[in-house]
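Order of writing sets the chain letters: A, B, C, D and E. Residues in each chain are counted from 1.
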Amino acid sequence: SGGSGTQNGKQVVTFANWADAEQNTQPGIEAMIKEFEKENPNITVKSLPISYTDIEHQLVLQVQSGNTPDVAELQGNYTFSLQATGALQSLDSYANGSYQQSVIPQELQLGNIDGQLVAIPWTVAPFALWYNKKVMAQAGLDPKPPATWDELLTDLAAIHQKAPKIIAFGTDSTNRTYGLDQNWPVMKSFGGVPFDGKDPSADTQAMKDYLNFMRTVASKGYTPPNKKGGFFRQPAASDQVAFTIDGPYVKGVVQSTSHVSDAQFYQTWGIAPLPSGSDGKHYSAPTDHQLVMFSKAKNKDAAWKFMQFLSTSDYAIQNYTLKYENSLPPLQTPTGEIAKELDNPISQAFKTDVIPTVIRPNWGTAYDNAYSDVMTGVQSAMTSSSSIDSIASHISSALKNDLGG
Amino acid sequence: MASITLKGVAKRYGDVDALQETDLEIDDHEFLVLVGPSGSGKTTLLRVIAGLEPLTRGELYFGGRLVNDIDVGDRDIAMVFQNYGLYPHMSVYGNLAFGLRRRKMAKRQIDAKVRDSARMLGIEHLLSRRPKQLSGGQRQRVALGRAIVRDPAVFLLDEPLSNLDAHLRVQMRTEILKVHRTVTATAVYVTHDQIEAMTMGDRIAVMSDGVVQQLGTPDELYDRPVNRFVAGFIGTPAMGFLPCARTGADDGRALKGTGVRTTLSARRAATLAGDQQQFVVGVRPEHLEPISESAAETATSVVHGVVELVEPLGSEQHVVVNVGDDMITAKLARQQRFERGEKAAFTFDEANLHVFDPESGRAFR
Amino acid sequence: MASITLKGVAKRYGDVDALQETDLEIDDHEFLVLVGPSGSGKTTLLRVIAGLEPLTRGELYFGGRLVNDIDVGDRDIAMVFQNYGLYPHMSVYGNLAFGLRRRKMAKRQIDAKVRDSARMLGIEHLLSRRPKQLSGGQRQRVALGRAIVRDPAVFLLDEPLSNLDAHLRVQMRTEILKVHRTVTATAVYVTHDQIEAMTMGDRIAVMSDGVVQQLGTPDELYDRPVNRFVAGFIGTPAMGFLPCARTGADDGRALKGTGVRTTLSARRAATLAGDQQQFVVGVRPEHLEPISESAAETATSVVHGVVELVEPLGSEQHVVVNVGDDMITAKLARQQRFERGEKAAFTFDEANLHVFDPESGRAFR
Amino acid sequence: MSVTLTPAPPTETTVEAAPPRRKWPIGRSVVIVIVALFLVWTLWPIYWMVSTSLKPAKEATNLNPTIWPHTLTGANYRELFGSSLPFGNYLVNSIVTALISAVVAVVISTLAGYSFSRGGYKLNGTTSIVVLATQMLPLVVLIGPLYLLLLKAHLLNTYLGLVIGYTSFAIPFGAWMMKGFIDGIPREIEEAARVDGYSRLGILVRVVVPMSVPGLVTTAVFVFMNTWNNLLYPLTLVTSNTKQTLPPGLQQSFSGTFKTDYGGLMAASLITSLPLIIAFFLVQRSMVRGMTAGALAGT
Amino acid sequence: MTLPALLILALVIGYPIVRAVIISFYHYPLLNPQHNFIGADNYRRLVDDPVFWQSLQNTAIYTGVSVVGAMLMGLVLALATENLQGPWRFFRGVLLTPWAVPVIVVAFLFQFMFEDTGGITNDLLLRLHIIDSAIPWLSSSQWSLAAVIIANIWSQAPFFLLIFTAALGGVPVEVTEAARIDRASTWSMIALIKLPYLRSAAVVGALLMIIQNFNNFPLIWAMTEGGPAYSSTTLVIYVYRLAFTSFNLGYASAIGVVWLVLLLMISAAFIRVLRGKTS
């Protein structure tokens, strides 16, 4: 890793990312780098592929050992962890003017930690509720997405009753920060969050309602517990999933597996904001991939140029963000080709219905210690028989321990 | 009663005829020794009797009962192996008791029997030890004990002494015979050491190439070997063999070869095939008497050659003599002094001569 | 020239005195045999000479040159081990050539030497085989070949024959002597079989408890053993020992014990400590002559007891007799017939008697 | 019923009563049944891996699994080597590191084991525990410092780095096994070589090593297996995808953030297992020998 | 020649250990650079950390059941295949194959076979009417550990088959034949004659496998990541989470140290058993 500076006269930018470590996205990111180097002959980009699961602790370790890459792809709480190490470069001086205007304000906001901009949006991908019209129809439901969790439950019941083998509901309940990210807006919509700052707030009625909901969907056999969100995409391709909470990625996987045309896809699949709870409000959380710069970076301008290129250049958006990530660009007002490509029901729905509902989970250093307490709680709610009350209190006592330390 | 009868018993391993078709009668309480060079089929024969190897052909009877299909454990035999085959993780006591326990015998009975046998072999004080902690001789005794404790009908021993050093071997020989005398079992004892065979066996079966060459008492084997192999195998130093042919003199009774000359008695001459010319004669070392070259001129039966080697043994000495291309050994009192390389002549009594057929090796008698 | 000289050489293992301080002169070209019971220090002495064990004390010379600090490989010795110690992963050829290669000898030369030695031992046809594929006797020859191929100055053999069967042993004995005669090396040969010792050694060193008890020619050891141990160890069947005491008769020359009676010659009587009363007398089996009970009454030197065991050996027989609490063996011609349990009396020539001190075991002469 | 050939003394009556007992060895039928059962237990998962790897993605993840593939396809395998995924690299990296580690470990283990065995001082209980201790170390805890160590030595993402990591923790055990094995080589043979004038090293190379082949193989296989199986090390010590070895490579590319592709995964799994299974078949005989003399005698 | 190697070795092994032990006395979150010495706090915390105890329990169960199961299986197979002749020997080879299957692959394979819906295991069990509703192998607290253990036994039984086969080879023919003559039944032949010869093999094998299972990260991590809840979380998983997702290196190291001590005691016991009887 590390080792930035110059190389035979060219400025070198090292770029730690997982896009280059994954089968699906690798060709895309390589194309990006090629194009960027073509546009900027005096800059070479060195990609450091690190898998999504390891990039956080590897970067942290690299910070510890004092040689960091220049730019890194991060997501969710990763950004906060790295910020906590104090190794990130404030971008306020770079991300101003034209760039600032061009991107969606909420999205930019997501990269702002303690009043300081340390990350810019690259690919925009909030959680939404995907629903399979075909399956719903088969179950005798009119293919209209449920607005509330209760409606969802009745739909699930119908579907499960009709086709017990089909995965009625896909939701990520793995013991990962990503798992908590996905469940955060759900909890929120039930009116609670597991903790706030350093204080546990898991032992509340709202949280219990949420846990009860999770128990229902698991015990009724609507969803298999302890599965990654990604797990549901494959079966979704063969219409074996009715509803699933996921980012925009579903489309890409489904099409690559079952080779259906866009039209066919839009006929089968639709998205809606996550259902609402008691207060009727909808929430979502970002799975956006963000870009950060390390303060040790030698060629900051070059680094920024690259970041900007990935984030907002037409080329990057068309040939990577849309094509490989199946995510949305962070653009305020897309134009031309991009606008055309975004002119489809799914993208529209994301832009207009989902992005506005995005909130940020209580990310921060505490999150790394807390996620496991919460998610194991969720998993026991889904898989064990101990009472929800005890689980809830269990979570919050565990949290007290970890948030404190 | 446990006589053992083999009727046309044979054993093949793959394409090796380890044991040719064999008929054998072993009387009850007899101590039979199987002797022969390595690879002659001794162990095979023993294992067939034991039932450790299924026999390829023939019938095996124990006291009139056919046992071909009876399992080892039920043949009421005991066996002593060359490397003892003791149970290393059991005490000596355990080793002796094992067989009895398997026979669901009462604890008290077992204990009594074990201690008896132990006393008989003088290993009482070792009962609590492990085989590892015993000397070769002691292990040997334990192995014997394990065999006799069940007072079996048949008692099989495969070179039980060959791992012991010379002195111990002599001592154990006597002990085994004592044991056999006390336990009334039929014993078959395998060895390749013919001294052991001669000193221990009531009868001896000399084997070679999977065939029992001769079965008889030690004296029979020694005095009247049926063929050249037996003659050469039994007796140390071994009998010397010299080829010779009829001269025609003494109406065909005179035989002559390089360095050897004799005239057969009428009795023996009669046993020879009338037309046969070529023979091999054999003389045992102790039947050779040194005589002066001059005396050799006149004597009827003479061997002369050049001394190759002199082996003093204190009480006596063995003188190895080159006769033509052959070697012959004389066993002499110490007084006569021989030097390597000098000429030597011996005479012998025609009665002590053995005559064999050069091809078949069969002895004429 | 390679005489071997030990000056006060001793070897301790931890707290075991495997070899007590020893002085020894082995002449050039001599064939010296080390004989003794197990654990007597034979191997230790040999290994010290070889240089495989550093000696604890003393000085070791090869032909006048101090070799204490010279490494095994440079002492120009060859060794034959009890289990041959052949290189299992090399062909016979490889085994023979291995030592020569080390000495940077030319391929052609090596080949020549290897084939010579192989021819000499009659193992040419085996050169391409692996040790696993050889019989015991053949392995033995290879081991010898590996030793002689380098024609070393000193030739060390540790019980090379003890793994072979009786017949092979006798045969190899002769071969080894032949080899020794052709290669002009000084040989030290370890065995615990005294027959081997007697028949092979120019001189024999009898060891026990890490001490060389007596060094001498076979005849010396046999006729004039310096102590009871040597007397009992050399000769088969072993010399019989009987305790007895002065009766006072014949001015103190008459000795008597249970079942034994004799009168010493004036010459020998002189060698005894005047005041000593108790002795142990020893008689060799071949010196006992059976006599009738009546004749026993009158004879001067008599042994009588009860026959315990009769071992026929073809040419002769061994009769074991219980005399008081002791046993004594007589080696007799076959003619005399003895039965187990019957009474037997023997006479002997006082000249063949051995007299020992009961405590020290020292022989009087 | 049992045969008693001597006129039975009273004590022997019990023997007469004793029922005839089954013949040794175990009845053929029992053996066959047992072996058959375990063959199924052993082979079924492997069959499942094979058959899945031959199914198209949709069938592979079908919720009603098909025991015999309906449609056979080599797509999953073509994917492996055809696609952008550097599966080839994974394979090569794994093989290279595993082989090098095995060799290095064996060489050093042999030297160490030899001096253990012949150096006079013998391994007593405590030493063998200490040796074992190196196997017990919670690598998870040590991996962090190790990462920094290699980082400082600029050995991350290098074969050397991995090999060092792999072998260090394998050698003590290897030495322990080799010691056990070399103990089994009769001293006489070495002494013969000494008499023939060879140096300790000469003896080691020309006599001891050739005679310890089974031991070497066994040790090598052990190291190779552990290396080949190791997930933690490459996960941490290798950050570059192209330098990655199979286990993390597989995990990251098939259960990555995007999807779980069992068809491809099984294809990859098979390719990953095949070399070992084959290699293993070849060496198992000497493994048995090596075990006997090494691991078992080693204590 | 050996020396340099051993030195590197000492460094590579030694440095991390020392480092870990030291760290275990610090509050050592990777994220913020300043770490403060807190004495035995990490160890004290460990005492009333339910997760630690559960992981410990899981580790014990996982290790114990796996080793015992695999050992019995290996033993039966070794005895059953002992007398296989000629071509039949091939089957022993086959029975050994799982050992050659990389652990990570075993993990994926069994994860796949144990899927609740669409997993072949449930599918078959249902088809054969052995069960009437799908077993949530990996997705229930009751079953997850069991599922992992099954996979583990599958992959480790061959190891025992191997060493027991080796050990059986060491039983002298004379001894078994003597036993046959002594009328040993099949059972007493195995129990009284052969097993004693397998003792040291069993002890050594068990010890090695216990150690390996303590450290067995890939299998569980790839199959369940220790979930659901903590139901299949063993020490190694817990420590990994603490160290690499919660960055609480101090506490992780403390557990690591405890774990080392634990294993040391176990193997000390084993080795005593071994020497106790063999010598």
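The criterion applied here is as follows: a residue touches a chain if its C-beta (ideal position, glycine included) is under 8 Å from a C-beta of that chain, and two chains touch if they have at least 3 such contacts.
Remember, predicted model here, so these are calculated numbers, not experimental data.
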item: Intersection of contact partners for chain A and chain C; value: D
item: Minimum number of chain-to-chain contact steps, chain A to chain D; value: 1
item: Most centrally placed chain - per-chain CA mean versus overall CA mean; value: D
item: Comparison of B-E and A-E (more C-beta pairs in contact); value: A-E
item: Centre-of-Cα separation between chain E and chain C, whole angstrom; value: 60
item: Centre-of-Cα separation between chain D and chain B, whole angstrom; value: 53
item: Inter-centroid spacing, chain E versus chain D (mean Cα positions, whole Å); value: 14
item: For chain D, residues that touch 2 or more chains besides their own; value: 18, 21, 61-64, 144, 251, 255, 262
item: Residues within chain C bordering two or more other chains; value: none
item: Per-residue multi-chain contacts in chain E, two or more chains; value: 117-118, 180, 183-185
item: Residues on chain B engaged by chain E in the complex (per definition of touch); value: 50, 52, 71-74, 77-79, 81-89, 98-99, 102-103, 146
item: Interfacial residue positions of chain E with respect to chain B in the complex; value: 172, 174-175, 177-185, 188, 192-193, 196-197, 199
item: In the complex, chain D residues that touch chain E; value: 18, 21-22, 24-27, 30-31, 34-35, 38-39, 41-43, 45-46, 48-49, 52, 61-65, 67, 108, 111-112, 115, 125, 128-129, 132-146, 149, 164-165, 167-169, 171-172, 225, 228-232, 246-247, 250-251, 254-255, 262, 265-266, 269, 272-273, 276-277, 279-281, 284, 287-289, 291-292, 295-296, 298-299
item: Footprint of chain A on chain E - complex, ascending; value: 27, 29-33, 45, 49, 51, 115-118, 136, 138-141, 224-231, 241, 244-248
item: Chain D residues touching chain C - in the complex, by the definition given at the top; value: 186, 188-189, 191-199, 202, 206-207, 210-211
